[in-house]
């Protein structure tokens, strides 16, 4: 097992767990807590912010996993700085269930509380975006860190795209102070855009096919 | 590590976590909450819907894992659409602890609440079935996505079986409005049927043996 | 990735999660719930059944993982029956956090409640032992399922050892109705015995060394 | 899959889950529990011990993972004693969410309660350090356990460094009885020191490059 393989396995584990722990934010209304004339239908309907936040956060972590995957397909070796930045990224990703629950709880509260909850959510995504950008820059900063088939110049040229991702997430922090529900909607739109942006880019490489890894995979523009 | 290997590892992780989080739905009655003359035996006996829902959901996720496994034994490479559909499937699978808890809580409530809980449970399984069907169609839709030993025509011919699985789960949604316990029983029966359906199909391939992978493995008919 | 590799990875995932979820049974006493003159020291000391149950269950799941590992080192391929029995074993293993919490909560309750909690705990371990025995018998029941270097006759001769493990766990069910704390102590003793029983058996095989895999590894007698 | 690979995969799984479960200690203040004039901003600000403890524990588990990784890059085979010590280490690591929550809850309580919580936290880290030291000594105690490229004498010469790590953690236990917040700060400082200590040590080995594995990797001095 190579260095990056075990790093990828650990990262996959953390991201898989973080994405699955999101379900714990969907708490079942207890029978004894339903109001006298309240039906389960009503109680479940009121939980719509929880479902919405679950879907959006799930997609976001899923996209981060795809990007992480794409990045490490180009990497041959990692140094201690990259290990640290990867750990930083994982720290933000595994914290995501917290702002997700927070936003779900306060989405419809209105006033400063809902704005703050949305700002914490957007801020977390901004932090994740910045951490991924730093990881990308660090992991690709020297030609000898890349796999032989990968063109260093082309990879470096794709860096501005990541700064753009960070700027978009910074805007969602601003948006949070206007409307919490619109902020969640914006995150949903961003996730869907990133997911489908490059769907047409053809099949990805697999065992035995070296693939067009000499150009940065288009899906790397996500984030 | 190849593209599909890491996709499989991530999917295995999510499914392993979702299946294990089901245990959190088995909450221990606190000593201080037992009624004056209530024994633990009585309190545990009243939790039978939780045990039943645990077993059924565990089997269902286990079957999905087996089918996922069988599918990817035929796949050589995946494209972005398949990655997305796989993520969609994982989103449904990792949500399963929620309807499981919901059904356990309301199974014996009677009336519209228990019907709704059962319908949510059945609806989740229907969504899972549809997501797996879409993933199957996408992942096998072109010969160049398959491993060389796999016969594309034979694989495509097996697609109708999956539509059948979806139809069966659609029926359980209808059944939910008749009786919640019967719905859970039906899901148990379906799971057992799928588990044993093809037990006689012999040993599966392993390292060093290419196996009869040129025909779709019979267990793929599950779901 | 071979059939058994992905099976092992999924099983490892489930066992790793079940073993880690045990920590959720160690709940921190809230500041607001401490009695007026109660110190944290006192509250933590009263939680000793939780620590004891955590350690014992952790060791038991760890041993099962080791045995699972030893078993699959001998297996070349699995059939559908073995897949099912493996799923059954995982269902019991991933349920272990529930009887662990139950025993911790009622260990010092005395009377029928503590006996019942201990019996549920012992019964779970008995079920685990039986499921592992069935998996062992199924996975090794034909020579063509084993790796070429493994001697089928020798493996089959080791089966009685497993029945013995089941009998010991059956005794702990009986013991539960005598004393819950003694039952937990017995499980601790059994786990330590199994852990150290064969510590002197030398280094296990690794990459590049085929090892003495033609005889059943002594550690397989555990469970 | 070799013996150590599956051991590493299981260990990675446990550590990945333990690190991700830390997020469960960040509980969202319920809308209904906010005081009349209390804002969410105020409630979140009061949770700063939870954030601090999350970050520190996350870094500590991350460092342990890196060290575990570095250790096993030198190991060719493990015996039963090493398996047991690895299990012991995992038992401590997967318990970390408990002292983390405990310290967060009592950090600002003052008096003996906060000292005790900090001592439990420091004691857990001391236990982890000792378990890792024992694992290191056991796993490297004979030349035939190491990979051929690794120099046994050099590895053994690095053992004193680990004793030092244990001594430092022993000091944090003493520090706990002086000040809980300072203790948490000390753990943060130690984690950052360990993370950056050897950042300059260059890129780590990867597939195809045997790397300078004949000398103990500098990062092994961590702990």
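For clarity, chains are labelled A, B, C and D in written order, and residue numbers in each chain start from 1.
The working rule: a residue touches a chain if its C-beta (ideal position, glycine included) is under 8 Å from a C-beta of that chain, and two chains touch if they have at least 3 such contacts.
Here the structure is a predicted model, which is why all the values come from computation and not from measurement.
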Can we say the copies subunit C and subunit D touch using the same residue numbers, with more than half in common, or are the two sides different? different
Between subunit A and its twin subunit D, rotation from the CA superposition, multiple of 5 degrees: 90
Round to the nearest whole Å and give the separation of the Cα centres of subunit C and subunit D. 25
Centroid from C-alpha atoms only, then distance subunit B to subunit D, rounded to Å. What do you get? 36
Give the residues of subunit D touching no fewer than two other chains, as numbers and ranges. 5, 9, 13, 17, 21, 24
Across the complex, what residues on subunit C touch subunit D? 5, 8-9, 12-13, 15-17, 19-24, 26, 28, 30-31, 34, 39-41, 44, 54-55, 58-59, 62, 65-66, 69, 73, 195-196, 198-209, 219
Please give the residue numbers of subunit C that touch subunit B in the complex, ascending. 1-7, 9-10, 13-14, 17-18, 21, 24, 76-81, 83-84, 87, 90-91, 94-98, 101-102, 105-106, 109, 112-113, 116-117, 120, 144-145
